[in-house]
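By letter and in written order, the chains are A, B and C; residue numbering begins at 1 in each of them.
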Amino acid sequence: MANWIPHWLHRLSSPPTFYRFAGKVRPWCFWLAVVTALVGLYGGLVMAPPDYQQGDVFRIIYIHVPSAWMSLFIYATMAVAAFIALVWRIKLAEVVIVQSAPLGAAFTFITLVTGSIWGEPTWGTWWTWGARLTSELVLLFLYLGVIGLYHAFEDRRQGARAAGFLAIIGAINLPIVHYSVQWWNTLHQGTTVRLFGPSTIDPRMLWPLLVMALATHLYWAASLLGRMRTDLVDLEGGKQWVRELPQVKGRASQ
Amino acid sequence: MDTARTAKDNRSFMMRTDLSNPTLPGESDPLLEGRDVTFRRGDETVFGPIDFALHAGEVMLVEGDNGSGKTTLLRLLAGLLHHQEGDILLHGAPLDRLYAAGEIILLGHHLGLKFDLSPLENLRVAEGLYGRRQGTEPVTVLAGIGLAGYEHEPVRRLSAGQKKRAALARLVLIPAAIWLLDEPYANLDREGISLVNRLVEQHIHRGGAALVTSHGAVTYLNGEPRRIRLSA
Amino acid sequence: MKPGTTRAACWAILRRDLTLAWRRRGDMALPVLYALIVATLFPFALGPDNALLARIAGGVVLVIVLLAMLLAFDALFRSDIEDGSLEQWLMAPQPLALLVGMKILAHWLTTALPLIIIGPVIASMLHLPTHPLHVLELALLLATPLLSLLGAVLVALTAGTRRSGMLLALMLLPLCVPVVIFAAGAVLAAQQGLPWIAPMAWLGAALALGIILAPLACAAALRITLDS
């Protein structure tokens, strides 16, 4: 392995070490996610003032926008994992690809559905073929393609690599989704929450949004770690470290 | 994807044996060498660890029962499968896809022939891809291999033995030093078997080397070749 | 031409694939027939309203061409993988990307070129006026190679799997959406008397990028597929 990779990271890429690490971290992530989500939802649904134009309808933003951010974030992590899996053939990276895809697809689906629900009273339509919505829909298809391609292979590792390759090719869609509102005239509103520079949204509406973003990230971490643990046990089923797991041993001795 | 070649690999590349002027290197310079080579698929170990050294002018036999990984080993050496554990060295340098290109040729279960094309057309494609050995020419190669008169017949219409000969023609034409032959005697009658033996002998006389797989312990090669035994 | 050089290899592959396509020249007609039949469904389904047909003609032709090409894609690498020819390419001292690029070129020549010829015929059957018709021809000339390149990469990924035809369609169609948008957008703009050069330029730029990147991606995908 290359010398610049820290030792702890290298150790973490070994399945049994990762399994233990994920097992310890996951409950924290999950319960923190629940707490922050409650805080964020309270802030957004109760405390934030109603929008001067949309009234209370805008509050769906607290589900829609964090989901949208997650749909892009998860795809980016999937593409990075795919790169690692293809270049260095690390098993854990392959597991990340395969288990991220359904999560990303779910968030993308939620984004599209909540967007539709929001669009109906505000734009007067459930759907429009503008640049952002279309590219987000393409993102959903990409996720489904990754999932489908993985399951079409007999050899799971080969399937993961093929699916990862597709993920990398589809990554071109990420800047398209993000910049679509700048490059084209669309019905979807422009960027209001900025990373570099002032955001044009009322601070009382902004902080619950950021809290919800944190909550969704924590949930993603918890969900991904849990899925990866399950997949690792399945993948490494015959190996020694799996047989020595307390759950497996307990069942075996019955 | 392969990692970058080191400077050492580049030096070895330029000192590589030129097969158009064959000089037999000494026994201490193996063309192809394997140390502790292991191949796993999922949880299963297909074969390994095995050691071998193939020298110029040498034939080695890979023995093993069905499913013992003979085909997998050959595909691994041909660069079709990703190298996993152990070291495989070509001319003393780690086997690198770019470096090995054109040096190693595989004749496997799939003959690598287009059935809609004639043997001559198939040979011209191989010639375009690999070049041809000095002094050879597609038509004469086909005649020498027993397909005179069938050069323009679509491969689809040839018998199984003739198809095999059409595939063998490729070995004669292209200037690869190392032959990997997976079950070369399959589908051949006695005449075909002696043809294969003759071709292999001519090849190793030129300074080439061959790795041959075969079922069970029966071998038709003249002399007693060194063996690699694969057990499942 | 000296055998074994890169030029010889490219020419050998191109000649091989064109010969193979010619040996089964009946198959070359299938995408064209499919396109014609599907095209006739539209007047039947929508009624003979010429103005309506003229409005949708550009988009319809592009979608039909895309679907017809999709039919022909599945066979791109299948036979070469099955009879072991593709493995020979991997072992050859030639860049696989270049060989694959030649194969894609041959495929485009034999499947897309007939469609590019029949496309304007279908469009005029759907009453597309002359000026947008020429724009359509140019759009097809730029869009079809792009589709060939994109499709080849995805076919390379799915070639080793079962039920690859359906999976290929599901994967390819979303990625072709931008191509269809730009190509159809150009034709529509021409129809409305607006400038059409911008979407055409985008297509050209994407094609230039595709010609460089797609063969490389396709070669990488094939190595993944054959690594089993």
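Keep this in mind: a contact is a pair of C-beta atoms (placed from the backbone, for glycine too) under 8 Å apart; a residue touches a chain by one contact, two chains touch by 3 or more.
Model, not experiment: these values are computed from the prediction.
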Handout entry: Chains contacting each of subunit A and subunit B, listed by label
Key = C
Handout entry: Closest chain to global C-alpha mean, per-chain Cα centroids
Key = C
Exercise for the section: Averaging each chain's C-alpha atoms to get its centre, pick out the one most distant from subunit B. Expected result: A
Exercise for the section: Could you give the separation in Å between the centres of subunit A and subunit B, each centre being the mean of its C-alpha atoms? Expected result: 48
Handout entry: Cα-centroid distance, subunit A relative to subunit C, in whole angstrom
Key = 33
Exercise for the section: Would you mind pulling out the distance in Å between where the CA atoms of subunit B average out and where those of subunit C do? Expected result: 37
Fill in the blank from the handout: subunit C residues touching 2+ other chains are 220, 227-228
Completion exercise
subunit A residues touching 2+ other chains are 86, 155
Exercise for the section: Enumerate the residues of subunit B that touch no fewer than two other chains. Expected result: 1, 82
Handout entry: Parts of subunit B lying in touch with subunit C, wherever the complex brings them together
Key = 1, 78-82, 100-102, 104-106, 108-117, 121, 124-132, 154, 170
Exercise for the section: Could you pull out which subunit B residues touch subunit A in their complex? Expected result: 1, 41-43, 82
Completion exercise
Given the complex, residues on subunit A that touch subunit B span 86-87, 89, 155-157, 236-239
Problem - Partner subunit C, residues of subunit A touching it in the complex - result: 86, 134, 137-138, 141-142, 144-145, 148-149, 152-153, 155, 158, 161-162, 165-166, 169-170, 176
Handout entry: Parts of subunit C lying in touch with subunit B, wherever the complex brings them together
Key = 2-5, 8-9, 11-13, 16, 19-20, 23-24, 79, 82-85, 87-94, 99, 220, 226-228
